[in-house]
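After this come two complexes, each holding subunit A, first together with subunit B and then together with subunit C.
Let's turn to the complex of A and B:
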């Protein structure tokens, strides 16, 4: 039996992850407090604090440090126990579920039951340090990533109800995931197969049953789920206070705890009278990408989702490493673009550079006291550049593939440029 | 214009009104001097003015216009503030230094928390809300006392339930009274606060025992603090009590290392003349026990180990002196006192070197043979946020979560409201109880940092209020009954992460550049057409014809 075969390799990978998660050594690292791995909106420590307040009849949303969705409160006070040991198993299983979803997305895209790349795709998710470390830090971003992959999987399988339900939950957990809704709707209305090399109008790849009324029914369904979830959240939280403290927080950024994203230092250093303006600019800036990406990649909505995840992984307000991590892991689903990447090596080196600088400068600033905030800010800029390079290169390759020419004898004789 | 014929009648009415509005007022002053075992001397000035029959203003009548105020002894400036903001009870203290309960015992003026502290009971009702009047009150007092009390804003104001009960009576109005409490531990107290304080006294600093309030000496003391208390007692009236407390070190001031002191050596001047309007004026000196001493001049009376001097009539300069004639040099007592000066001892520390989190630990020693119940109050600005789920209580090394009960917690709001943690602690006898909790240090906007940002932030003292009166001796003449004693812990200095203050433009430029670059490159790819250029054959001009559009 070949160990690279998915049936063998996947359980191996899972057991490796479980072993790693349950090693006592991991607890001693103090990853929970690491600002790169969990942001205020998904930190495990703050979740514990919120649960503690909730259990003691103090409204966690009355105060300022709990920004998790009430869905987590209901989940952890009823179904899941809060002990650290169990949490580690649950979190690892979340990643396993995410990896499984990613493998199945890959299979859906190839429309085959089993391929030789399955193991590679699973490993790209389970062993990605950007995914692995936030998971060990018990950041609830693992819930978001797994849900995101499940939404994409169900959309690929053209199962609108589960996809839309999970999308509604995901939006409750992280508001900016709503930006992916158009591409998910397109995915539901067409197919997940790769049409990058053969770009046509959306209608060419449209599913036979897809029509405007189907789209409207999807929208209606998603709105219905969201409304029901809103009501559930309100019942759980005992009021509407959660809206301001979960969705409001990602729009107004009251907590300026450092993270690898671009927002925190910008709004730490922002002049008070410009703050609302730039908050608006930063939020609207994210909206700008949705329509062009969905239009340009209307022939391949899965790729459009991938590109939008790249945008989110760079520009999210409370970024953790798991957000770019999801984007990078999803690269494994699109091997057809690899030959057309224009600068994979600089991107890799930028990521390497950033992942070394981030923890180093963070520690120099906050723990050693020998560096200042600019050090960490500089390393977040490097990570921003790395994410930007990965995103731009993916989009370039996704468009460049349509012209082809890498396999033909023209190789080296033609150049593709933009007019 | 008043008509000439009505003028005498108007004048008469005015005079009558003035006389009717004037209520009997009495002014009493007292100075207590208490030598301590470690050679220090606690001095405490207390000036109380009673407006007999005075009542606090009902906030519902606040729109009815100003009531004319005519006082002879009562401080008008303070009276106007109390009227304007319809404040029933007010306590302001401005202290500098750390009160050492373990060596100095429980203070006569109990509000010894470092920095400024203001708390007031304000009647609800009327056209302006309690918070509006609280804001006005702070700002008025800030102007009156030249202190930064105005910055005791919403980010500092809390409403504790148990620890700050009214010390006087509250009028039985239809609407209830509300408490507002705020502390500013970084406030520094100095001469500019003493001058307005002296102005509120009927004899200023010219005569009576207020002569001794010499700023050069007071602000060189080991500990000094002033306080203003306004209370209302239903059967007596409105009382304003101004107090000044200082701990002097005569050993440090003397040339021959003796602990002998006199009014001249401590305050730099004797009392020259009495304050003529004071209905009672006296100096109380607590006499040493089991030691040979001499006190000069002879006291008017000696009672319960206290020498009492009546200073309402002074014929010649009074320079009171206490000497230890057998002692050639003061030797600091190294052996512990037979019984600790304070039965409760509280230590509060912040551990951890990281600028993003820390560990708050409080250890409370109960040296009494009986169990004590005490209210524990933490008011914490949002800069430091508690992780309550990490709260651990232990006694003598073993975890005792049952010792903490009735937890009331108001979580903080970033940039808005401080946290309030109030609970009842049970302190087992003859043991040390430990509270430990993880805290998170917030990250502030660059405009929220003080000018000396690297110095860190002062955190307000925690307050411990024993529910049974165990701290003070039962006999204490001037203290009103029913007041609960409070212990203030020391303030903490917390190191918060600072951004680079010179960077705003640079950050805006660099972050925006990165965003614009990414945005530009993505939209370049989205909008511009792809063109194939053949490289090896012929000049470029020919290839233009071969271009292949791939526009989607």
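Let's turn to the complex of A and C:
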């Protein structure tokens, strides 16, 4: 039993993560208040505040401090306790579930039971600092990432009901994840196998019993689940105020706490009479990516979802480091594109730059006072460039692979079966 | 088909549950949060605490200019330093100074202002924020600051943004006389103006309580005309008396501090943010022998007893804090802790006072988390409905997930 084998290595990775989460040293780092690791819509501190208000019979959505979905309220006041120790274990288990889902997505893509790269894929998720650190900071973006991966997994396994239900829950937690619904629908109607080297129209690769009526039934099912969840949320929150404070927050951006995203600085200096226009521009801008990506990668909807995750990881309103982290971890599921990446080294270096500059300029601005907000804004621009470089490279390689001709592919280094 | 059937049944169940719950819960809901909020403020008021403010502001005015009025600048800066040390942030302090002594050509120690003979503590430093400097310190600006009637172009740092739960500390120093105070050698403010400004503040609910301290000649006359409630005032000398400076520094060459302010600041140096010393303790230290004039106190407009009014109610940035830690074995009692973390080094008597309060507070607050409403039945029913709501929605979502994930 080789230590690199998945059955041995995965529990090792899980125990490593658990140890890391439970060391007292992590408590002293004060990661909860770190602006790079959690933003107003997914900060643990604000979750605690909302739970406190809820338990004391004050409407948590009446003030401006709680932007989480009411599903979190019902989850944490009933099933999960809110003590920090248990929270760390729960969050680590969420990441473990996400890693397990990623490994199974990788396996589904090849239609095999196990491969030699499983450990690498799991480690790429569990040990990715962009995902590890927000998890230690107990940011609820871990819920969103895990749900996202589970949705993709059930879509790969062609089980529409769990996929659509989890997608409905995910949309309740983070509204912009609705951008992935078209690609998930395409994935449900076809297969997760890699057709990047052999692009054809969607009809060539779709599942035999896929048709317009199944698509309509999927849409109807998703809407039904959303309605049920809306009612549940209304029951918990005791009214309809939660809509404005959860979904409305990502559309109107009332809270301009600094985060690694690209929205907050723009809107700090926005004149009031231009605000609605630019909010509309920023939101519609995200919608622009859905149709082209889904059309271009209609032969490989899993890759289309991957590209859209990259778009979300760049342009979400309340970004944390875990959103680009998910995109970077999913790179490991598509090793067939690695020979065709045109600038992997600059992308890596840009990410290194960004991850070093972000905490440095944040501290220089807010702790020491010798810098100002522009420093931190510049480092968020570097992160945006790094994400952009990664996304553009992935899309380039995904298209370039169809032309082929790289040596390493012919030498059989790539383990992915191309159909 | 089966899926459709089950989801429609659960939907109907949920709709009925929702309507039932909503009709029951909305009616009592609006009353409960206000009770809870009022309960939070009065819960730990008890026999010990009587304050009900939520934020602190300070307006510190030095109304003189020129080198020979060095001591008035040092008075105001000493108060500024004390008030900041005790926790009021710069955003809540309006400092009005002529600010012409630190970089005066006659200052042998440039960019410094000292307040004692050995020049041991520089009050000017690197980190002071003067809001109104030089010729901006006028009677009109002072009254505009107090009443809030300003042009909309005035920046926030120059505004007194108080509300009806703010305690305001107003300190004035300079040259004064019987019912007037001289502003920068060309105008004066009278006691009637100050009284009317405070009344405007009361009418517009711009303060919870005001502590007015004035250190000038014939200072007590300046607060004699105040007629608004909740104002405590103290001055350095009676009508017909002068207020004297305390000491000169031989190298600076002028008087560096006034007696009344010197003794008040000396008293404050023994205090930190957790202090339980009261206004009565401060006023008990006043004496003619020390201060060389008769300090006065006006408390007839002040609602609370002076021996239960803390110094930090006005000079400190102290707030009610309730500590909640689910892991703690005993519930932490709430006591007046400030916005920042641990105090530096509490003296023994303060520590004893805090401990006694912790012990007494323990009995009051242990285990009491539900809001006290008119009837116990009402609150327990409301709590039950809330728990039902949370569990109901969690059960529906969890059941839906479990059923769908495990089916087929």
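Basically, the second predicted complex is superposed on the first by the 407 of 419 C-alpha atoms of A that agree within 3 Å, B and C clash if a C-alpha of one lies under 4 Å from a C-alpha of the other, contacts with A are read in each partner's own complex, and residues count from 1 in each chain.
Note that a contact is a pair of C-beta atoms (placed from the backbone, for glycine too) under 8 Å apart; a residue touches a chain by one contact, two chains touch by 3 or more.
Since we're looking at a predicted model, the values are computed, not measured.
The superposed arrangement places subunit B and subunit C in clashing positions on subunit A. In the superposed model, A:229 makes contact with subunit C only, not with subunit B.
In the superposition on chain A, contact of A:395 is made with subunit B only, not with subunit C. Touch criterion not met for A:242: it reaches neither subunit B nor subunit C.
By the touch criterion defined above, A:52 reaches both subunit B and subunit C. Residue by residue along subunit A, subunit B and subunit C are tallied for touches, and B comes out ahead. Using the contact criterion defined above for the overlaid structures, shared-chain residue A:221 touches subunit C, although it does not reach subunit B.
In the superposed pair of complexes, A:44 makes contact with neither subunit B nor subunit C.
When the two complexes are overlaid on their common chain A, residue A:289 makes contact with subunit B while staying clear of subunit C. In the superposition on chain A, contact of A:60 is made with subunit B only, not with subunit C.
Looking at the shared chain after the overlay, A:78 reaches subunit C, while subunit B stays out of its contact range.
The clash between subunit B and subunit C in the superposition falls on 254-262, which is one of the stretches 128-136, 254-262, 290-298 or 308-316.
Taken together, the two complexes place residues 52, 56, 58, 62 of subunit A in contact with subunit B and also with subunit C. Remark: subunit A residues 33, 35, 45, 48-49, 51-53, 56, 58, 60, 62-66, 199-200, 254-258, 262, 264-272, 285, 288-289, 292-293, 296, 299, 311, 314-315, 365-367, 369, 372-374, 377, 381, 384-385, 388, 391-392, 395-396, 399-400, 402-403, 405, 412-419 touch subunit B in the complex.
Those residues of subunit B whose C-beta lies close enough to touch subunit A in the complex are 353-357, 382, 385, 387-389, 407, 409-417, 419, 438, 440, 442-447, 497-500, 503-504, 507-508, 510-511, 514-515, 517-519, 521-536, 548, 550, 552. Of all residues in subunit A, only 52, 54-59, 62, 70-71, 73-75, 77-79, 81-85, 159, 161-162, 165-166, 169, 221, 224-225, 227-229, 231-236, 238-239 touch subunit C in the complex they form.
Only residues 3, 7, 10-11, 14-15, 17-18, 21-22, 25-26, 29, 32-33, 36-37, 324, 326-327, 369, 371, 382-383, 386-387, 389-394, 396-398, 400-401, 404-405, 407-408 of subunit C touch subunit A when the two sit together in their complex.
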